[in-house]
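Next, two complexes with chain A in common: one pairs it with chain B, the other with chain C.
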Partner chain A sequence: MVAVPKPRRGAITGKRWVFLVSLGLMAGLLFVPAGHSDYLNLTFRNILMYAAMSYGWNLIGGYTGYISFGNVAFFGIGAYCSAVLSKAGVDNLFADVGLALIVNALFAVAVGLPILRLRGHYFGIATLGVALGLTDLASNLDFLGGSGGASIKQIGEAHFTTYYYAMWAVTLACMIATFFIARSKLGYAFVAIRENEEAAQVLGISPTRYKVTAWAIGAMMGGAAGAVFGAANGFIDPPTAFAVDNNVFPIAMAILGGMGTASGPFIGALLLSGANELLQQHFLKLHALFFGGIIVLMILFLPRGLMYLVGLRGGMRRWLSDLAVFRV
Partner chain B sequence: MNLSVENLSAAYGDTRVLWDVSLEIGEREIVALIGSNGAGKSTLLGAISGLVDIVGGEVRYGDVKLNELPPDRIVQSGVVQVPQGRRLFGSLSVRENLLMGAYLRRDKEVEADLERVLAMLPRLRERIGYLAGRLSGGEQQQVAIARALMARPKMLLIDEMSLGLAPVLVDSLLDILTQIHASGVAILMVEQDVQTALEFAERAYVLETGRITLTGPAHALLDDPNVKKAYLGV
Partner chain C sequence: MIRTIRLFLAAALVFAAFGVPVTQARAAGDTIVFGSAVSLTGSLTKEGHLTQEGYDFWKDYTNAHGGLKVGAKTYKVDIKYYDDESKPNTAQTLAERLIDQDKVDFLLGPYGSGTAFTVAGVAERKKIPMVEGNGAAEKIFNQGYKYTFGVLSPAKKYLQRVLEMAVNQKPRPQTLAISASSDAFSLEVQDGAVTWAQQHGLKVVYANKYPDGATDVSSVISAIKAANPDIILNAGHLQDAILVNKGLKEQNVQAKIIGYSVGPDTPDFVGTLGKDSEDIVGGAQWSEAVGYRGIPGFYRTAKEYADAFDKQFHHRPDYHDAESTAACLAFQYAIQKAGSLDREKVRDALASLSITTFFGLIKFDNRGLNVYKPMVVNQIQNGKLVTVFPAEIANAKLRYPIPVWGKR
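Right after this comes the complex of A and B.
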């Protein structure tokens, strides 16, 4: 009997060593507060926040193949969870994140059941509608502070550091959860739906159940990041909670790093945030143009992200032959 | 156990596709379902697998009413489909594709079954680590059949296996089906390649615009002047 080769899981988590490098970088990021710089803390907390949101998007967009343009909704809901708790006199990060996880899971299931029946751009448009609808809703609900926003009581003196570590922990949890989900049967169901929904169905994998699961877990990730952001920011209003940047950056980061991989969102967040920071310093008025240019070039020449290059066998020729842009 | 379809009607919205279709496949039988484009062949398979809503009639497998079960329970009861166009998971390896076929199984014999399937399809053992999307058409069809076998079917529904494949490849796939059949699996094959289907099957049904118009032993249909005129072009 010839032995069956061990499973190659590269396709589902990305290269193992890249993930280990990412974990190493995460460990390195623990030392950012040692710099005693509020600027550094804030900058890297934002990078971690985008990474966590990108992981949330990656589960539904990258793994399950349903491109969402509304994941900022979960971030916003998470931020408002902190505001609501603070108003009720509860100022505790664990409570904030806990409430955000529960509310987002419930909201995602309720919204996901109808809109995950849609496919392709119809799904994308529906998710955009959800995000826009929530922005309007938050502006008109008095107990959320309406369009004037709501303040959230900050905890302690050394709050920059506390919130930094909280965001770090959320991001690490998203990263590790993604790695283990991707390798599990659950992750394979997501990928099966992305690769061929009809085939998954024929094999008895209920697309609805798994799509809603991917969407809800992703919602919890974005919500956790939102809850920490709300508490850290001390103030939340609809344009901040549902900012367009918070919608687009996580998607661009996942694409840059590699959709449907366990390291892609983190790598993408580091690089894209870094690029954005530099561009903003040197070309204040033009930085959005550069940023948009990077996204366009990525989609054209590296649609499967940097993780694709890492795993590429067959070199330049294989890369070029895979590119849709050269096919007429 | 017999698979029996009784007075089955199915529709997509207002468009009726199947009208009172009845057919029966016995244990260990090979049955062909032939008919032209748009006759409703794939819809019938979809209805059996629980993927197409039915408006009337019923599908029974032994004593179990399949039409009251969700698709996953139908697969678990042993009625498994090889869908048209192969429908592989292109960026997963051949091995991963095959294991996806066993997704619903919780028993400990999945690895042993994988070994058995690979023994039947040695070509796939050579290709085991390849991405399914990179294989040739014939190899992909082998993966699709093997993936269905990993679900431990007792009744295999195969939709347009020969589509787009060279005759020599079709012959080798039929050899594989012969082995599968010999291992105790009943086969319902849907084919546009009428000649091939009728030479391979024991019995056949002819489906025309959603109705069963003819049925009988396959060799008899092969000699039937109506079938010859309509499908064989002689």
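Right after this comes the complex of A and C.
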């Protein structure tokens, strides 16, 4: 009988203290509207939005190990849910988010069942196809406004603050949901699939069922962020709803923070958005170049994210020896 | 080591969360600061740079001539720029930043209708006057906004002028094919042209759109070729014009007139396409040939403007340069008329402005759009941009029908 080592505490959610710091930072972000600056509200609302999308990606890409390049599809669907409801005369954030959750869950299951049978690059390409296909579909459906886009009625004067808190709540929900999912049987099943799908199957885990579950919960997270964004933005068109940035940034954020952890996406979103904001302020034309440089350096030196660095035993030497970049 | 990393991480987080908003002091009391998010990267980079040139040219002129006199006081002018990456949402955030963090006095518009649309929403909410010279979609002006003013002619007019010219040629062209990128500006351009064509007995044999930012339009070109039109037009921006023109040559599609809404005017069009740009026509907001005589306070004719511009930037100004400078001029005369930097007073002065400049008449309808200035048609002849329509101001005769590909 071989003793199965119990997983180290925090191995599946990331370091506990980092998660607590993240919660503390979230509490701090409650006070952003007190600054009475629309710019701050908008900037931090975007950071929260990216964090929520990043959590959505993290479940399938980080925990389950299926790298998706199409999660922006869920964000876009969420945004269009707000547009459709507004057109029908319903201007209520709870209704927007509710509809986005339902539609995205159904859509993710319908799409996930066939494409989650694919692995590796094939899965990635299929997800990209889903996102591109939806962009074209939205451009050609007249009841969604076609390529001209659709307007969403704004609620009240204080809307900037309302939408900020709505996005904050969505992000907090994603963060806490990830924490509890990761520690549940569900989370262990996801990780088992990531580490070795065949072995997981032998242990009695149905890969398809769990993969679709991870994909659908992630879809709901991205969709909720999209619904709030759509309502907050007041206008949605295909290039905005399915923007390339919204596809790539959340992935980069999850990687920087730490894939498969409960605070990685949030920390990644804070740092990467913060860096982008500072670069944009100080380098009028070259900011995109520097930002790209940061991403390259990050992949080279922190391929497993900051959470890995925090949990590392063995210091600098261990870190360097782990890096592929030094293995020529 | 681990402790150091932890400390670093904690510090970085605090920095990221609370260090981002670096409040910058408003410029000193004797400078008027304008703010503008322009496209310095992304798909509208070239046009964005032209916009910035147009703004800077006015700024340098004004400061070199002692500044702007408002009431009894004279102010220097400055423009704070950000790069909106050609993205409407980025432009929106940057407009908020210009107003909240940089505390600019007024807004100058971004390049393009998509970005101008989102920034106009911010200007309205913050009650800050914005004059823009590069967002022609009427969608921007149909929102009932009170703080956004556009010095340029509306999108619908861009290719109407080309058709107006075309139907007077002999032999008279009978059929039109027009493709459009799926952005607000281009769709309005297409709509305007199609409506005009139908009213004036031109048969529209192809009118379709392709995705905004497309990099392959070969299927569009094939469809146009199959329709065999006399006139081929494209509603889009510089990148679309280059893409479509290359496609037409590759598939050897012939027509009597080939024209674009944006492209032929920009210096990069001839530079990129070389001989294949020859004889192409384009709708233009302005050209060096226009004969307006402006009121004192700035270069008064198109020629004076163009020569001085050439000295500073080493290329002839195109209409993007001119309309951007014109946006600054609207502010200049409105601020002087208001005799104050008060935003409400300047807004009211803009609303009732009626001046002639080197760019033409600047006057706004009740939506804030300059519907009073006519457009012109330019053609590239021997690698140079010449004005061929309307006849009163034309400095060259339209080459029609244009030679086949390879014979230019």
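Going forward, the second predicted complex is superposed on the first by the 321 of 328 C-alpha atoms of A that agree within 3 Å, B and C clash if a C-alpha of one lies under 4 Å from a C-alpha of the other, contacts with A are read in each partner's own complex, and residues count from 1 in each chain.
Simple rule for what comes next: a residue touches a chain if its C-beta (ideal position, glycine included) is under 8 Å from a C-beta of that chain, and two chains touch if they have at least 3 such contacts.
Note that the structure is a prediction, hence the values are computed from the model and not measured.
A.B. asks: Between chain B and chain C, which makes contact with more of the residues in chain A?
C.D. replies: Of chain B and chain C, more residues of chain A lie in contact with C.
A.B. asks: Now for A:Ser139: first (chain B), second (chain C), both, or neither, which partner does it touch?
C.D. replies: second
A.B. asks: Tell me the contact category for A:Ile205 with respect to chain B and chain C: first, second, both or neither.
C.D. replies: First partner only.
A.B. asks: One more residue to check, A:Leu271. First (chain B), second (chain C), both or neither?
C.D. replies: In the superposition, A:Leu271 contacts chain C only.
A.B. asks: I'd like to know which partner A:Ser37 touches here: chain B for first, chain C for second, both or neither.
C.D. replies: second
A.B. asks: State whether A:Asn196 touches chain B only (first), chain C only (second), both chains, or neither.
C.D. replies: first
A.B. asks: Pick one for A:Leu320: touches chain B only (first), chain C only (second), both, or neither.
C.D. replies: neither
A.B. asks: Taking the contacts chain A makes with chain B in one complex and with chain C in the other, which residues are shared?
C.D. replies: On chain A, no residue contacts both chain B in one structure and chain C in the other.
A.B. asks: Per the contact definition, I'd like the list of chain C residues that touch chain A in the complex.
C.D. replies: Against chain A, the touching part of chain C is residues 1-2, 5-6, 9-10, 12-13, 15-22, 40-41, 81-83, 85, 87-89, 92-94, 96-97, 99-101, 117-118, 121-122, 125-126, 139, 182-184, 187, 209, 211-213.
A.B. asks: What part of chain A is in contact with chain B in the complex they form?
C.D. replies: Going through chain A, the ones touching chain B are 1-2, 4-5, 7-8, 11-12, 185, 188-189, 191-192, 195-196, 198-206.
A.B. asks: Which chain B residues qualify as touching chain A in the complex?
C.D. replies: Residue positions touching the partner: 49, 51, 70-76, 81, 83, 87-93, 95-96, 99-101, 103-104, 111, 114-115, 118, 125, 128-129, 131, 147, 151.
A.B. asks: Once bound in the complex, which stretches of chain A touch chain C?
C.D. replies: Of all residues in chain A, those touching chain C are 18, 21, 25, 28-29, 35, 37-40, 42-43, 46, 135-136, 139, 146-149, 233-235, 238-240, 243, 245, 267, 270-271, 273-275, 277-278, 280-281, 284-285, 287-288, 306, 309-310, 312-313, 315-316.
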